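Two complexes are shown next, each including chain A; its partner changes from chain B in the first to chain C in the second.
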Partner chain A sequence: MTAPLLAIRDLRTWFHTRQGVVKAVDGVDLDVMPGECLGVVGESGSGKSVTFLSVLGLVKPPGRVEAGRVIFGGRDLAKLPPDELRALRGRDIAITLQDALTALNPALRVEEQIVETILAHDRDLPPGRGRSAAARAKALEMLRLVGIPDAERRMHDYPHQFSGGMRQRVMITIALACRPKLLIADEPTTALDVTVQAQVLALIARMRRALGMSVVLISHNLGVVARYCDRIALMYAGQVVETGPTRAVIAAPYHPYTQGLLRSMPLLSDPDRPIQPIDGQVPDLIDLEPECRFLPRCPRAAEICRQPVPLLPMGDARLAAVDPAADSNEGARISARLAAVDPAADPNEGARISARLAAVDPAADPNEGARISARLARCVRAAA
Partner chain B sequence: MTPVALVERLLQLVPVLLGIAAVVFFMMALTPGDPVELMLGDALATPEQKESLRRDMGLDRPAPERFALFLKNAATGEFGMSFHHRRPVGQVILERVPATVELTLASMLIALVLGIGLGVLAAVKRDSWIDRVATVTSLVGVSMPGFWFGILLILLFAVALGVLPVSGRIGYAGEVPFVTRFLLVDTLIAGRVDSFLDALRHLLLPAVTLGLAMAAFLMRVTRASMLEALAQDYVTFAEAKGISRARVLFRHALKNALIPTVTVAAIETGTLLGGNMIVETVFGWPGLGRLVVEGIFTRNYPLVQACVLLYAVTYVLLNFCADLLYAALNPRVRL
Partner chain C sequence: MTAGMAQTGPLVAVRGLRKHYDLRRGLRRFTEDARAHTVHALDGVSFDIARGETLGVIGESGCGKSTLGRTVLRLLEPTAGTVSFDGADLAGLDAAAMKALRRRMQIVFQDPYASLNPRRTVEQIVGLGLAIHARPSPTRLRELVAEMLGRVGLSPAHMQRYPHQFSGGQRQRIGIARALIVEPDFVVCDEPVSALDVSIQAQILALLEELKRAFDLTYLFISHDLAVVGHISDRIAVMYLGQIVELGPARRLLQTPAHPYTQALLEAVPRVDAEAQDHRPLGGDVPSPLKPPPGCRFHTRCPHATAQCRSIAPEHRTVAPGHHVACHLYEGGPA
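Entry: the complex of A and B
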């Protein structure tokens, strides 16, 4: 199995406000694989953006990364000196923000805003006088690549002279100017007209293939993520509640929050299906009890949910933070029950899992048990 | 800026100046005190002589008639004779303008460098001891009256320490022939480095007195606008590009933060001109401000009127400059 490009482990980013400590991100684990598109879905305030601003070291006071590791290219970004982290930003990991109108500097020409990124990172530029001309040529090339018409002339314009969709393209140009390995697209379509949204998403997908990069697509729109992402991670109140391959998660979600989200979306295939909103609201992130954060809104709440609920392997490369006893899903129950066992200590565990899976689902892969065992072993190691 | 907008702006000057001319004229006319009594008040002059002088100066005519005459003459650039100097007012004023401009520019320089520098520093080091010291000091600077601060500076540097001169623009030994009447320029034209340094030493205290008050004000404006800029998305995005911290602060944040600061600075220069009257009097600085104060005391009507009109024109032009600067710095504004 290939190593993840970016591995976030137990990340905690808290905001120290007058009212108390807001635990905006509280124990997030996420992997981004090379070349994949990971969709991160959650409501406003679920910690999606703060998680990835923390990755880049861009959280501003009163926010602070309290704990956790951010492994990228074999280095822990959380422990990197500021200069080395800065050298990596824009070159290896780039980000686009929600609204290009506010993210682009209103007082600087578009050309300067692209070229400065290239000048900061590109080592292939010739030294001396030709340097800025070469950077400018690269900027122009990238502008054309993202599809800005008449790029040569428009480079000299200011951001406010572009339309919303074109501004988003300009921001994407800046983010991709140094051909990063990972693009974090924070709500790339929220500020846009519906007609332009699809264009921008298609552009990001096209650039991902062209540059061979990984993409993290942050969105509150499950539909957008379902369409464009290989894997999906759902966040709720500063924690990841479920991750897995997009199709599998959407076809059969484990976590009641995911289930609720899907039930609250209209379906084109079944327009008459009633839309069920999730009752209640997101908890205040100050002074949280060490219990499942979805508990007050959960239709399947049980006594055991009053304890912290960790992410448990659910098989099929999936993880979910659900209490197995409260879950009616047989597969989840098996997997979760096994989580308590150290699989490395029992060489027969894999075979038993296979047998149990076979009992649940006749079509189950006989090797599934071995894979789960391996995953569990990693989980146990990580927990240790 | 289009030529049409420029002409529109200049036309706006006309009603402003008319209004100011009327207010100044009638306030001076209503002020108790008779210039003739002040000039010939030593009882040696006969009533006939006084009457003759009054007629010479046109003061025997009713005020509205004098105002009409004043407007007519002013339109042709003729402001009459200064009662006290017995020379054309325009000439007297022009001699004094360079001293005031020199002082104002020096104060501006101090204010801009200190105000913007400290404002940026305080914003970047928000809530640090630097920020607190700068903020408290600027509050003191804003609230301290200029004449009092000037006297304190004189007492400390000129009287107690004796390192700087008490008043004037230059010592006798350093005097050079006037060319531009800007002493810092004239001393260099004369090739007198010693005179130049002497002029600089004379300039220091009044310029600091005027400049610090404005620096304090500019510092507060800069700090606030810089803090606002630093909280913007474009600063986060600039940081995400991995460009240098200096570039984020000075190219991205400061360029936007300077828009309000520079605008305020241009308008505040008008206030500096007002402050000049007090500071020039305290430091015996032979500029326009002191000329006006003397003119008011001697009821030198033509001189005061012309000076106030000059102030008004300058003030309006400075506002105009502020608009131009605002548009130049902010690409979203098109005049």
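Entry: the complex of A and C
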């Protein structure tokens, strides 16, 4: 198995406010593999942005990284001296921020902002007098690559002279100027219209292939992540609750939050499907009990949920933060195989089984597992 | 519910509605050309809304959908065109008659943070409309506010709180309570869920649907989110640069979109319920409403544009009963 490009282990980033300690990120484990696109999905306050700001050492007081390791290319970034971390940012790991208008410097021409990054980080520039001209040539090349029309003229414009979609392209240009190994795109299309969103996401996908880099796509929009990401991680109240291959997670989610999120979304393919909201709201992140954070909103909450919940392997490279005491592997294996073998099979069936096993539902019918096994056998025969 | 409900005909009828904003200020009105400084926010919009119907309006930023909602309610004065409500032309009404009608047409705003007065309690915010239109006794007013808050899923015990003490979803419930307490027939929902997280968005959508059934409401539902509009609407109008380019029954329009713009919009929406399909995103940006392109306004981005599209504005054509499209490709029946 290849080593991950970025490995986050038990990351905790807390904000020390007058009201108390806000545990914005509280024990996050995540891997980003070389060349993959990882989607990080969560609602506001779930900790998805803070997690990756912590990776880059960009959390400002009152926020503080309390614990955890961030391994990138064999080095623990949390232990790196500030100047080495600074050299690494922009060169090896780059980030684009949600609001391009505030992220870009309004008083500098776009060209200056790209050239600045190239001069700071690019090791391939010739020394001496040609250095600045070479950086400018690279900036122009990158602007053309991200599809800014009439780039030669537009590079002398200021950020406010660009439309929202074009500004986002400028930010992507700056981020990719030094051809990083990892791009963190934080809500790159949230402020954009849907046709422009499609352009920007297609651009990120194209640049990922062209540069062979890994991408972390942070979004509140499950649809965006479903279309563009190989793997998905769902965050809730500062913790990862489920990760896995995008298709598998969406076809048969294990975690009640993921299930609730999917049921609460209106679907274009079935507009008349009734939507089922998740009751209640995200908990206050101050003074949390050491229990499952979804407990107050969970339709399947049980006594066992009052204990801390680790991420459990669910087979098929999937993890979900469900009941640690349950022997859920059987149900997980079955649903994973069912989803893999028979795409036409009702994916909820497997999910229902594993979910009920996971919750140690006393009312679970033992024959249900047997029925699924039989169905699986039929699918396997049909496939063969 | 009211006498008006007994009548037949559409509840709202909009004909040739235009709203232009002159950006020239002061002396510039005399020195500069009006054509170069007029924003064509709405440019000839016509439709009916039947009683009990939800008409969804979809479009990207700057297409004029919010201006449409406000002009229909006469919160903005139209530049041209008419809006009839329950048979009465709003432009012809005097102040007293207009005030009486205002009780029957309400609005829920997009931003639950900006649309509630931060210095008023929830009781004052929700009760104000009723105090103006029905003038109940203070005790009765408080009872009615408490009842309405309960109806939208808020605790009447929170009546004395201020907006900042509530979450985004709860604030939107306050906005809905404020609109519905005067027992309107017609509610314009202007992006009521776009500022909310997915799980909270579903709560508010479910609430709007439930209240519609309970109070026999008619909605004009404005949103940029196709899935949301598709879910809640009976019919959908697609807007582009101040005009309706397509109008039809929701399911039909989503399944067999006729206008190239509607098709592009549907393709651009990332979905969880479909395999990743290779598609070519629509190029370019929406042109400036200061200088809408001649002919069909979509021709600058349309993959099928012809010479005709660049010079002649298309009329609305019928694709199927109740399904209209403004596109030259449908000249002489469906292409």
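Going forward, the second predicted complex is superposed on the first by the 324 of 384 C-alpha atoms of A that agree within 3 Å, B and C clash if a C-alpha of one lies under 4 Å from a C-alpha of the other, contacts with A are read in each partner's own complex, and residues count from 1 in each chain.
Methods note: a residue touches a chain if its C-beta (ideal position, glycine included) is under 8 Å from a C-beta of that chain, and two chains touch if they have at least 3 such contacts.
Here the structure is a predicted model, which means the values were calculated and not measured.
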Exercise for review: Please tell me, clash or fit, for chain B and chain C sharing chain A in the overlay.
Suggested key: fit
Check your understanding: Does chain B (first) or chain C (second) touch A:108, or do both, or does neither?
Key -> first
Review point. For A:199, is the partner it touches chain B (first), chain C (second), both, or none of the two (neither)?
Key: second
**Study point:** Touch count on chain A, higher of chain B and chain C
**Key:** C
Exercise for review: Could you say whether A:89 touches chain B, chain C, both of them, or neither, answering first, second, both or neither?
Suggested key: first
Practice item. Return first, second, both or neither, reflecting whether A:121 touches chain B, chain C, both chains, or no partner chain. Key: first
Point to revise | Which of chain B and chain C A:220 touches, first, second, both or neither | key: second
Exercise for review: May I ask you to decide whether A:228 touches chain B, chain C, both, or neither, giving the answer as first, second, both or neither?
Suggested key: second
Study note, to complete from the structure: Superposition result for chain B with chain C: lowest C-alpha separation, Å, rounded to 14
Practice item. Can you check the complex and tell me which residues of chain A touch chain C? Key: 43-44, 163, 165-166, 193-199, 201-202, 220-224, 226-228, 250, 260-262, 264-273, 275-279, 281-282
Check your understanding: Which of the residues in chain B end up touching chain A in this complex?
Key -> 231-234, 236-245, 247, 251-252, 255-256, 259, 329-332
Review point. In their shared complex, at which residues does chain A touch chain B?
Key: 53, 56, 58, 60, 86-91, 94-95, 97, 99, 102-108, 116-117, 120-121, 158, 160, 171, 174
Review point. Taking the complex as given, what residues does chain C use to touch chain A?
Key: 60-61, 167, 169, 197-203, 205-206, 224, 226-228, 230-232, 250-251, 254, 264-274, 276, 279, 281-283, 285-286
